[in-house]
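Dropping a structure here in structure tokens format, bear with me for questions.
First chain written, first letter: the chains are A, B, C and D, and each begins at residue 1.
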Amino acid sequence: MTSEAIPLDVRDRAIDDDTLRARLAKTWATPRGLWGALTTVDHKIIARRYLVTAFIFLALGGILAVLMRLQLARPESRVLGPDFYNQIFTMHGSNMMFLFAVPVMEAMGVYLVPLMVGTRNIAFPRLNAFSYWMYLAGGITLWLSFALNMGPDVGWFAYVPLSGPEYGAGKRADFWAQMITFTEVAALAVAVEIVVTVFKQRAPGMSLNRIPLFVWSMLVTSFLVIMAMPAIMIASSTLIMDRLVGTHFYNPAEGGDVLLWQHLFWFFGHPEVYIIFLPAVGMVSSMVPTFARRPIFGYLPLVLALVATGILAFGLWVHHMFVTGLPRVGESFFTASSMSIAVPAGIQIFCWIATLWDGKPVFKTPLLFVLAFLFTFIIGGMTGVMVASVPFDTQVHDTYFVVAHFHYVLIGGAVFPLMGAVYYWFPKFTGRLMSERLGRWVVGLVFVGFNLTFFPMHILGFEGMPRRVYTYQHDVPWAALNLFVSLSSIVLTAGFLLFFIDAIRSARRGVAAGDNPWGAATLEWATASPPPPYNFAHIPVVDDANPLWSAPETLTVAGGLRVDRRELVVTSVAEARPEARESSPANSIWPLLTALATTVMLIWSIFSPWAVVWGSIPIAIALTGWFWPKGTPEDEA
Amino acid sequence: MAGIVRRTANPLLRLLLIAAATMALPACEREERTLRLAPPVASALDGVRLMPIGIGGAPPEVYSALEKPFASNAYDLSQGKRLYNWMGCPQCHGDGQGRSGPPLLDGWWQYGPDVVSVFVTIRDGRPGGMPSFRDKLTTEQIWQLTGYIQTLGAYSAKTAAPSRDDGPQTRPAENRAPAAALFDKFPEIR
Amino acid sequence: MKHRIVLDLSELPQHGWDSASPTWWGTLAFELIEGTGFALAIAVYLYLYSLAPAWPLDAPPPDLGPGTWLTAVLLISVIPNVLVSKWAREEKVGRVRIGMIVMSVFGIAPLVLRAYEFPAMHISWDTNAYGSVVWILLGLHTTHIITDLGDTLVLGALMFTRHGHNRRRLGDVMDNALYWNFVVVTWLAIYGCIYWIPRL
Amino acid sequence: MRQGSRAAASVLPALLCAGCAGAQSAFDTGGAQALGLARLMIFIMAVCAAVWLAVMAALAFALWRRRQEATEPLAIDARRQRRMSLVVGGSVAATVVIIGLFTVTSFWVTRSLWAGDRDAVKIDMRGYQWWWQVTYRDGNQAFTTANEIHVPVGRLVRIRLTADDVIHSFWVPSLTGKQDLIPGRTNEVSFVAERPGVYRGQCAEFCGLQHARMAMQVIAQSPQDYDAWRQSQLAPAAKPSDPEQVFGEQVFLSKPCAACHTVRGTSATAQLGPDLTHVASRSTIAAGVLETTRGSLAAWIADPQTIKPGNNMPMVALSPDELNAISAYMASLK
């Protein structure tokens, strides 16, 4: 079929604006009702689900944290027993890393990247739907196992032999390992979508040097996911096999090795930190110019810093193993590589400060979160340099110093920007602004509460308090600080509660925002809030890194796309020259069915290796149904 | 749980709750870790009644009342496996395939597969070399060991059965039903 | 915002091939994921090898027969594979149909040989860590053969329907061929690892 | 936000001081290794704190500079842009210098940690869930004890670390940094205690249910005291003197106790639990959980699962008389 065969009225140039929007809305719509909800492939709807789910997991993980602080507030406390406490801290860590931090960052990417690059849907939208269902199934699996007293109790790092066949009785560690599989499949799917979206679906003219920094950060993050997650997949699969079918990967008596687990886990685990952190700095790089009212200073160094961080991320994993007795020369190499990550981090911090320096800052809530981020994250970065030093690390490794360090990095470095980003992009998600007045309270409570809660933990570490202890005795002098920490955590909890209240309230009753409430420069603000199902009535054409600032009144766009099928523009990787009018798949139930079949197979395989054989058949059928052409206009080429 | 079910008016919700509870209870039992057995329960668990012939009998009431603890609880079974090694059982029974003592893996036992028989065999010993462990193990530990021995001789593995040890391997682990792989269903009577 | 049309896209094709196709890039991305997985599995093999006092552990080196035959079959399969890709590019649907049948056979043949390969290791997965790692390498690669075979069968069937005469589906055939090449290349690395490192 | 930082600023110095002392503190040093580490840590922290303050000052000034808010995006001034590039470039260069300095210092301190090959006290330490087995291989006679290490002041102590079940980590912060005990591997740690005293340590790698209660004591004493202690440890267990203790020994040997524990000089030789030959000479029982007294011994034997839930010592049914006697016997094992 060629383009001549298509009647002219289905081209966007041939119809007036209102008709165009109506036709596009019909073509790209998600049907109402349950069927629509189960079949949708709209990146915005899926990302919103991802975000809501991730924040629910944040709240659940937060409750676990509060329980831990309750137990540790006093020495020899018997609020929780050791078995329950071990499940709780394992759940807290696994939940926060795998069910909150990574998915929430990817969800921001799924929502924003297609809008920021000016396209109509993410690449492989059905894979995107599948990804969400897998994530949801993994999260439910983990929490259900916890509710059934089968919650993993081996730490989020699940070191063998404690998690292995001999010492990890029952199915607890298997549920942990399989939850990993669920969330990794979901994360890998999103990573592929984002890479291809960024490579191929950028608006015409958005050459590499015009890509918004958040998009760059999501691109680097996606590559980190692609390169790092296979390591944990191999680790968790071999762990399950050791436990279920008696392989010997981690059995030293039969040629296996205990440290092999740690190598595999941290080869994933360290990049994991940057998988969470890089999107956050991307958010900061988006918010800083908007509120400094000045284009970002040092675009190229910032991009290079992102890429450098991504590369270095794979050269640091051994610094989690400094006390395992590895050769000392090798350890010194990893000291150097770990510390060198401070250079790209420093570049970014200096560039942000320079941007603020040269701008005229507008102190709205998102910027306040950025400032809280700078204050807190730099402390976390400093303590990161400290633990990179082998001798320093031998004293603080596996103590509360490290607990403090990574909460400074993950909450200060990632959650603060994320909360700022929620305030910043909330109007785009919902069409309504969050409350500026409550927002200031949220920043204040979270910032003060956080620092009061976590700073003393550095000192507890120096005083010799190890991590992962369910209680401590009267003869060690940790009681006063622990009580202080527990009390401070009330302030932090109050801040998060207020944040949730503000978000829920504003989603229903917030002030209507308009297209571009902050006067920002990037393409997501060039369409309505929330965007229509087709994102842009015409695909934008870009000739500047800050298109909405260089031409504030009119948006240059491209015409000539069909409106009777889901169509978008595919452009070249470097220059973003148009290459094809590609179709984007329509709604489908098959991703959900495939996810269900995969869920059955994965859960079953905890109990029987044959699940891999028999459970694959429904998956194959579902995939065939997914792939088989339905004769819609989207299949035309 | 029952209270919640009774208070719930909506029949569909009630049905769901009951379904969830029936699914949940076996799981809870299988993974529960009872770290401290109350002393009265422990001593009551010692009261097995053995048939005069020395084979089979009735477990104490508390055993049934607790819905056969130790038989399918993953933690107890793994403790039983550790006790098997710690108490020197392998010296005579090997990895379960027998040595100077009879094999335990084939599930074809002289005094039968009944829990009471196994319990009494461990506690009191048997003529022909099986020593008494009454002075070496507590009642709870003997029950853990009993539960483990039963998974050792099972032809179809329980999901709660222990996995392999971090040691030299001589046979598939209990969660893979080694008896089915290593022995015929009806081995010779020794 | 007001829109001002500055670019006309109506003459662009409705679907691109190779680097103009998102699917092509998606295939590459998945190959990167799986390639990393293979690389790590091989790294696990080498790691365990570096720790072992003797290698293979308690087993003779694997028999070369089945694995080498399988390697030969995979290498030969590259020829029809490249041809299918070429015919798809030339939109010769008839030839593509034949090619897909041939490639299905070339997907099944290694599976048959693979069945002989496992016993040729002279070790079981639960004997020791060496057994575990060779089995997982073989298993991991087998799943890739099966996946691509499934893909080939479904696409082959599709070629015989009305959907066959479609540039989009011919693009899928090319991407499938690309993936098969990946399966072959990764096997060469695994073959060298499993069969020749123990003979070093 | 500014309020918050002020509140934090007033609390922090108070908190920092708290880190300096304590039974298990990295800054309350008792030997050269820990002192070297503490100095390095203070050096790195001081430099980091200075850098942090400088960055915060720059940020504060950046925000202070132009307080009148602008809504229209600002134009970029090329000359200022160049000046900013210089400052940012300089800051990055300074970062490189500082981390280079840290790397070199760290390497140097690491080397000093392992220096010295003097006549060392050689100890084997094996981690169990959840206690430490300590074997002295010094000299021609070996002996085994648990959860307590005695060392002579001023002499190098070299400890070989292995694990029986899962990974544990040896850590006595006042003497040196930690080192893991890993199944299937052997590690080593060495230190010198220069000040007599009791140093507390604790398992630092999560090892299961009772990771929290797996402590140990290192007791540094003068060489004379150490030798005396050594001689007393080499001796077999004291024979029970009074009837109660004699009965206690009988109970010990006839009950499950002897299936796991050794008391040298009796028929109890099992190795599954701590060696009890001189249990009453140790300052704590159950890996630092209770101070050793006759009462605490009785409490522990009566109900170990309440005191340390999940540990491998079972609750053995004993009559009150038996419990009394056995704790009397245990308390006599000096």
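Basically, a residue touches a chain if its C-beta (ideal position, glycine included) is under 8 Å from a C-beta of that chain, and two chains touch if they have at least 3 such contacts.
What you see is a predicted model, and the numbers here were worked out from it, not measured in a lab.
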>> Comparing the two chain pairs, does A-D have more C-beta contacts than B-C, or is it the other way round?
In response: A-D
>> I'd like to verify one number: the distance from the centre of subunit C to the centre of subunit D, where each centre is the average of its C-alpha atoms, in whole angstrom.
In response: 51
> So how far apart, in whole Å, are subunit B and subunit C when each is placed at the average of its C-alpha atoms?
Replying inline: 47
> Rounded to the nearest whole Å, what is the centre-to-centre distance of subunit A and subunit D, using the mean of the C-alpha atoms as each centre?
Replying inline: 36
>> Roughly how far is subunit A from subunit C, centre to centre by C-alpha average, rounded to an integer in Å?
In response: 30
> On subunit C, where are the residues touching two or more other chains?
Replying inline: 126-128
>> Could you pull out the residues of subunit A that touch at least 2 other chains?
In response: 81, 83, 161, 166-167, 245-246, 248, 251-254, 257
>> By the touch rule stated above, which residues of subunit D touch at least two different other chains?
In response: 183, 209, 309-310
> How is the touch graph of the chains shaped: line, ring, star, complete or other?
Replying inline: other
> Okay, what are all the chain pairs that touch?
Replying inline: A-B, A-C, A-D, B-C, B-D
> How about subunit D: which of its residues touch subunit A in the complex?
Replying inline: 1, 3-5, 7-8, 11-12, 15-16, 18-19, 21-27, 36-37, 40-41, 44-45, 48-49, 51-52, 55-56, 58-59, 61-63, 65-66, 68-74, 76-77, 80-81, 84-85, 87-88, 91-92, 95-96, 99, 102-103, 105-107, 109-111, 113-114, 129, 165-167, 169, 171, 173, 176-180, 182-185, 187-188, 200, 202-213, 215, 288-289, 309-310
> Which subunit A residues qualify as touching subunit C in the complex?
Replying inline: 1, 3, 11, 13, 17, 123-124, 188, 191-192, 195-196, 199-201, 204, 226-227, 229-231, 233-234, 238, 241, 245-249, 251, 254-257, 260, 263-264, 267, 515, 526, 537-539, 541, 553-561, 567, 569-570, 572-573, 578-583, 620, 623-624, 627-629, 631, 635-637
> Residues of subunit A touching subunit D in their complex?
Replying inline: 81-83, 86, 155, 159, 161-162, 166-167, 252-253, 257-259, 293-295, 297-298, 301, 323-325, 328, 331-332, 335-336, 339-340, 342-343, 346-347, 349-351, 353-354, 356-363, 368, 371-372, 374-375, 378-379, 382-383, 385-386, 388-399, 443-444, 447-448, 451-452, 455-456, 458-459, 462-473, 475-477, 480-481, 519, 521, 546, 549
> Where on subunit B does subunit C make contact in their complex?
Replying inline: 164, 169, 172
> Where on subunit D is subunit B touching in the complex?
Replying inline: 183, 209, 254-256, 258-260, 272, 303, 305-306, 309-310, 314-317
